[in-house]
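There are two complexes below, and they share chain A, which is joined by chain B in the first and by chain C in the second.
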Partner chain A sequence: MDFDFAAEQPKLIQLLIGVAAFLAVVAVVLLLVDRVPMRRRAWPHATILLLPALVLLGIGLVVPAVRTTLLSFMSGDGQQWVGLDNYAWMFTQPEALTVLRNTLIWVLLVPLLVTSVGLVYAVLVDRTRFESIAKSLVFLPMAISFVGAGIIWRFVYAYRAEDQDQIGLLNQIVVSMGGEPQQWLQEPPLNTLFLIVVMIWIQAGFATVVLSAAIKGIPAEIIEAARLDGAGPLQMFFRVTLPSIRSAVIVVMVTQSIGTLKLFDIVRTMTGGQFDTSVIANEMYNQAFRYGETGKGAALAVFLFALVTPIVIYQIRQRREVR
Partner chain B sequence: MSLLSRTNRVTLVASTVGLALAVAACGSTEPKPSAGGDGGASAECAAFSKYGKHEGKTVSIYSPIRDTEADLFEQAWKPFAKCTGMKITYEGTGEFEAQIQVRADGGNPPDIAFFPQPGLLERFAKAGKLKPASAEVKRLTDEGWSPDWAKYATVGGTFYGAPLGASVKSFVWYSPKMFKEKGWTVPTTWDELMTLSNTIAGTGIKPWCAGIESGDATGWPATDWIEDVLLREIGPEGYDDWVSHKLAFNDPKVVAAVDKVGAILKNDKFVNGGYGPVKSIASTAFQEGGVPITQGKCALHRQASFYANFWPEGTKVAEDGDVFAFYLPGNDPAKKPVLGAGEFVAAFTDRPEVQTVQAYLASAEFPAARMKLATYVTARKGVDPALAQNPIDKLSMQMLQDPDTVFRFDGSDLMPAAVGAGTFWKGMTDWINGKDTKTVLDYIDASWPKS
Partner chain C sequence: MTTLTQTVARAGAVTAPQRVRRRLTSRVASAVAIVIAVLWTTPTFGLLLSSLRPEDQIKSTGWWTFFSDPQLTLENYQQVLFGTSSSSGQMASFLINSVVITIPSVLLPLALATFAAYALAWLPFRGREWIYIGVFALQIVPLQMALVPLLSFFSQGVDVFGVQVLPAWDLEGPARFVQVWFAHTCFALPLGIFLIHNFMAELPGELMEAARVDGASHGTVLRKLVLPLVGPALASFGIFQFLWVWNDLLVALIFAGGTAENAPMTVRLAQMAGTKGNEWQRLTSGAFVSVIIPLIVFLSMQRYFVRGLLAGSVKG
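So, the complex of A and B:
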């Protein structure tokens, strides 16, 4: 397809108008703030500055959230009220239960494994000569999008019949050890674990970097005191390092939990939710957009929201405590 | 005390005003009318004079057809667009089912969409998003297609759009060379087909190859198998009942038909030529499903007429060539129902130029122009099958145009999307992956939308 710059002109103009409108709003806000005399308690300032953000939050977050909640009590085409039918479907039908089960597996395993892998790695490379290289290596996958990672790992798991050349790394290893090639992504529930590996591969670097920074923040006196008291490496880790970096560990766990609950890309790219690997976000997309079952999709979305909320609240409380 | 100094304030005001002026200036530049509207106002354009002039108008088309086939479409309607002076923008997508919904809901629908699934079209028609087809399109449809076909795009008595392309699904691809060498003959009944499969399996070759991987749509080739056999087992009326859920999805008759397919697809002795055990069917792309035939690794591959596009380059499609196809036989050789599919041209807007494009696509001229370029099949009467690029296309056209043919549309495309593009595809994938027939059919039946 040829790109005709002139034909795109209306879009560019729209873009310019948008930018100009944004600047105009900012200018008006700033001028208004400027007019109001500054006092010790500057609530008028706060109101004026927050108002645009609140309006946008209302349009972009509150209204859709309310609408989604309403839709979750309606039939697929959004025409009639069906009460709790969609929720009943979610908690009784085997295929929906599989989705919930998978999400549970993801949420239990990913934060735990990502944090453990990150922590162990961070401790192992701490203050070694090649620390920065080691950390960059494990951080590299973070630069790859989930979709990209999904495609890469699909090749790792690729299957070819026994008499053919294996193009998948994992099957090539199995074959060279004398085994039979396996269809890794087609065997529930193991395939979910193979997908989880991808997530860990992407996220471990994040955990390593955050935790490593926290480890470096442990006061040298404490470490020295522990050493003088004769603490071994294991004691050192569990009694000194871990308690000292508790809040960093929680930050990693919480971000991973939220990220995992919303997970969509890996499953969609690698299996499309086939072979019992679907998770809530993927099923929500399927129901709402592909099958036209808006009600079921909305119910899943509301449930997802309900799952994320306590974690977010916990995270906010935790932050306050730390302060 | 002030947040901004005086100069700051002046700068702020001045720059905002300046930018706003600049934008206003841009906004007032009218897009220049594209030149060369009636470039070839000669004989070439005479054929299109009845469509009138639509100078400077643009019609957008959104469709699941991509790549080469999309280019061929654009090439085929180029003279029409040029002579009527309009511009047709075409966008093909691999995520049509989901994205068309997003675009329609988002208030940004295309002018025209090619719906491959009447079930999906029905959903949009019921939601009031589609515009009824013009009288001219209706006339052209009545003239060109059998009432069956017109029915698929009719919702609640309103007609929404003419069919476009078509395909015949009831084909089994094979290698005439291989058959000749081994002395096999083309079967005419299901029993003969099974005997042949056994014979082939006896020679050490896996008789069948299959692939149902198709990204988001994984599973559809398996649903075609079921539909094709079901159509033969319970007859066209029974098939209609099944499609409209008057016959339960887990009815014993359906179970029997699925098991009949399972006798081939889930038989490790019969599949999967070149790709591995039964489960490899689920991970083999449908485009690659039949290719081992050309390598002598399998002998039979049930797939639609359009599979002609997927053979490796240089493969000769002919009765005496590298590959050819025969009709998937049923129990009674005298009855030959045909399973097929196609797209429908429905519109989200009813501007005159949009209706003109719909009318052109519904005419006999468009399919003829398209067929001259490369392999293509239409069910429209008045299009000469001799234009077909290969013998399978020609055969398909003859089958589709024959008034005696009992034709049925691909069932999964007619069902509500939750089943037809959801649980049926998914269920068949699970079935290939090892779940048993009854469990899978119970699951699909339970997913049928209640409203």
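So, the complex of A and C:
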């Protein structure tokens, strides 16, 4: 074992510093709040409690969001104003258009399929003996990083030439059925679909858990009444279950759309955005941090913001209604 | 109770053909459910089995050959964790980085969000509603929008019209972790404040009133009264944040750099997938090392995590 543990010590010291800083922040805030005398007015206390969070939000989110918007109207090095050039690039250049097209495919398919799989599964395992185990199995990928999931699925899609033994499960299945092994991740536009499968695999558990909780919340009387009226399983599903959990379905769809728009890791780990599989978030990273095209990267980020905003607002409205 | 007896009574009254039909459909349903469960579990199982197979076997045959020719070894893990050559994983180093990154990145937002949520839920001051709405609205800002300026904030400080207001951080070596903690803390606050605030606002107001009448300060109320009561909310947000930070690639890639000095496991795995895409013995064992800790945390705290999910999505 030639791992050098001594070399790792500075990191652990840094960790101690970090934890000490955390304790210090907590202690200082609590101490200050206790020191300020209690009067009728609450704002001195509120300031002490809120200030750290608000300062961080300002530095970490508010100012950067404004600056990114400005950067999107500037050239790559951030020196000159170029007006709408970056946006024009985004909507006219073929490589940028491919990115937009892929993002569109992702955001149309993922929420729909995740919700369908989650819903079907939640209904099927509802009130069966193995319900909790069944849900855990599907929920498990939620804990796995997108990077980890990407590697798991690269292995499933792995390709070997025809005369060799296949090591990827999918190609093995194809070969055993008499087909030819395929390079699943290298042929557009199908490869985007194979990446989407990974996202569905990760997220279906989330949908199952949320929707299953909603299904359990349907009043027993309604189900019983429908059953007395002689409703079959399908009728039951479309006439009773689905309408009753409508708001939960929308919540799942909305969270999935937001998550999908920002998706970065799967594409990066599995294809690196090659073979026409890039999406907005990945392209934004490439432009801003690899090619030094800050302006183009910023424009993509702003566009992402423009896409996410209406969905988030819709979600907020929806939440109010649920309440 | 009455509904239960009614249900039982009615179930007995089902006619014979109906019963047969129901049993048939339930059998089809179970079969479909089992197929889905198997489909969902197989890829991870394949990864685990592969990571334990000898190198030449992984590269030449599929993991299912294990059932006809079982051979297992821990060699891959040994190599990927403790090997020191640059082609091996050096995962032990990156594993430590992941731990060092995660602990403060969970603790800090948890504490700051709790303070802010308490102020927003229980302190009557002017502008409270507006601040709450503002914080909530910040969830709209996608991470991608904050990255470039935040990076330049770290590397160049702040200057306003040519006047240096804040110095550059210029962090090197282990101190670079501070950047990652800082970024993760900022990005976690909107959701954290929102979730904890929702939970806190539901606590009975009389309780706080009574304590305050007895002369307790806000600090005391927060520590002795509120903290124990919002435990479940803190736990679920804590797990959320843990999984998010541990599994994050984007923030780490930008603020931690790509070396064994600071980068977490996700960054290393992404690199290995890019450059050594065919070194399956390292990729599989490396990936398994990276997923095992969140899986353990997740399985042991699943209850809280699900509660957090439901609080965040269905109810509000």
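Please note the rule applied: the second predicted complex is superposed on the first by the 271 of 323 C-alpha atoms of A that agree within 3 Å, B and C clash if a C-alpha of one lies under 4 Å from a C-alpha of the other, contacts with A are read in each partner's own complex, and residues count from 1 in each chain.
Going forward, contacts are C-beta pairs under 8 Å (C-beta built on N, C-alpha and C of every residue); 3 or more make two chains touch, one makes a residue touch a chain.
Keep in mind that this is a model prediction, so the values were computed, not measured.
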> Which partner does A:Ala161 contact after superposing on A: first (chain B), second (chain C), both, neither?
Replying inline: first
> Between chain B (first) and chain C (second), which does A:Ala24 come into contact with in this model arrangement: first, second, both, or neither?
Replying inline: first
>> Looking at A:Ile13 after the superposition, I want to know if it touches chain B, chain C, both of them or none. Which is it: first, second, both, neither?
In response: both
> So, A:Gly272: does it touch chain B (first), chain C (second), both, or neither?
Replying inline: both
>> By the touch definition at the top of the document, which applies to A:Leu84: first (chain B), second (chain C), both, or neither?
In response: neither
> Of the partners chain B and chain C, which touch A:Val33 in the superposed model: first, second, both, neither?
Replying inline: both
> In the superposed arrangement, does A:Tyr285 touch chain B (first), chain C (second), both or neither?
Replying inline: both
> So, A:Ala225: does it touch chain B (first), chain C (second), both, or neither?
Replying inline: neither
> Just chain B (first), just chain C (second), both, or neither: which does A:Leu190 touch?
Replying inline: neither
>> Tell me which touches more residues of chain A here: chain C or chain B.
In response: C
> Just which bits of chain A does chain B share with chain C as contact spots?
Replying inline: 7, 10, 12-13, 19, 30-31, 33-34, 38, 272, 285, 289
> Which residues of chain C touch chain A in the complex?
Replying inline: 3, 6-7, 10, 21, 25, 29-30, 32-33, 36-37, 40-44, 46-47, 50, 58-64, 78, 81-84, 92-93, 96-97, 99-100, 103-104, 107-108, 111-113, 115-116, 118-120, 123-126, 128, 131, 135-136, 138-150, 153, 173-175, 177-178, 181-183, 185-187, 189-190, 193, 212, 217-220, 222-223, 243, 246-250, 253-254, 266, 269-270, 273-274, 277, 280, 283-284, 286-287, 290-291, 294-295, 297-299, 302, 306, 309-310, 313-316
>> For a test of understanding, state which residues of chain B touch chain A in their complex under the given definition.
In response: 1-4, 9, 12-13, 15-16, 19-20, 22-23, 26-27, 29, 31-32, 97-98, 101-102, 120, 123, 126-127, 215-216, 218-219, 274-276, 279-280, 282-283, 416-418, 421-423, 426, 429-430, 433, 443, 446-447, 449-451
> What residues on chain A touch chain C, complex-wise?
Replying inline: 1-4, 7-8, 10-15, 18-19, 21-22, 25-26, 29-31, 33-34, 38, 41-43, 45-46, 49-50, 52-54, 56-57, 59-65, 67-68, 71, 117, 120-121, 124-125, 128, 134, 136-148, 150-156, 158, 164-169, 172, 201, 204-206, 209-210, 213-214, 220-221, 224, 227-228, 232-233, 247-248, 251-252, 255, 261-262, 264-265, 268-270, 272, 281, 284-285, 288-289, 294, 297-298, 300-302, 304-305, 308-309, 312-313, 316, 319, 322-323
> Where on chain A is chain B touching in the complex?
Replying inline: 6-7, 9-10, 12-13, 16-17, 19-20, 23-24, 27, 30-31, 33-34, 37-38, 75-77, 79-80, 93-95, 159-162, 181, 183, 185-186, 272-276, 285-287, 289-293
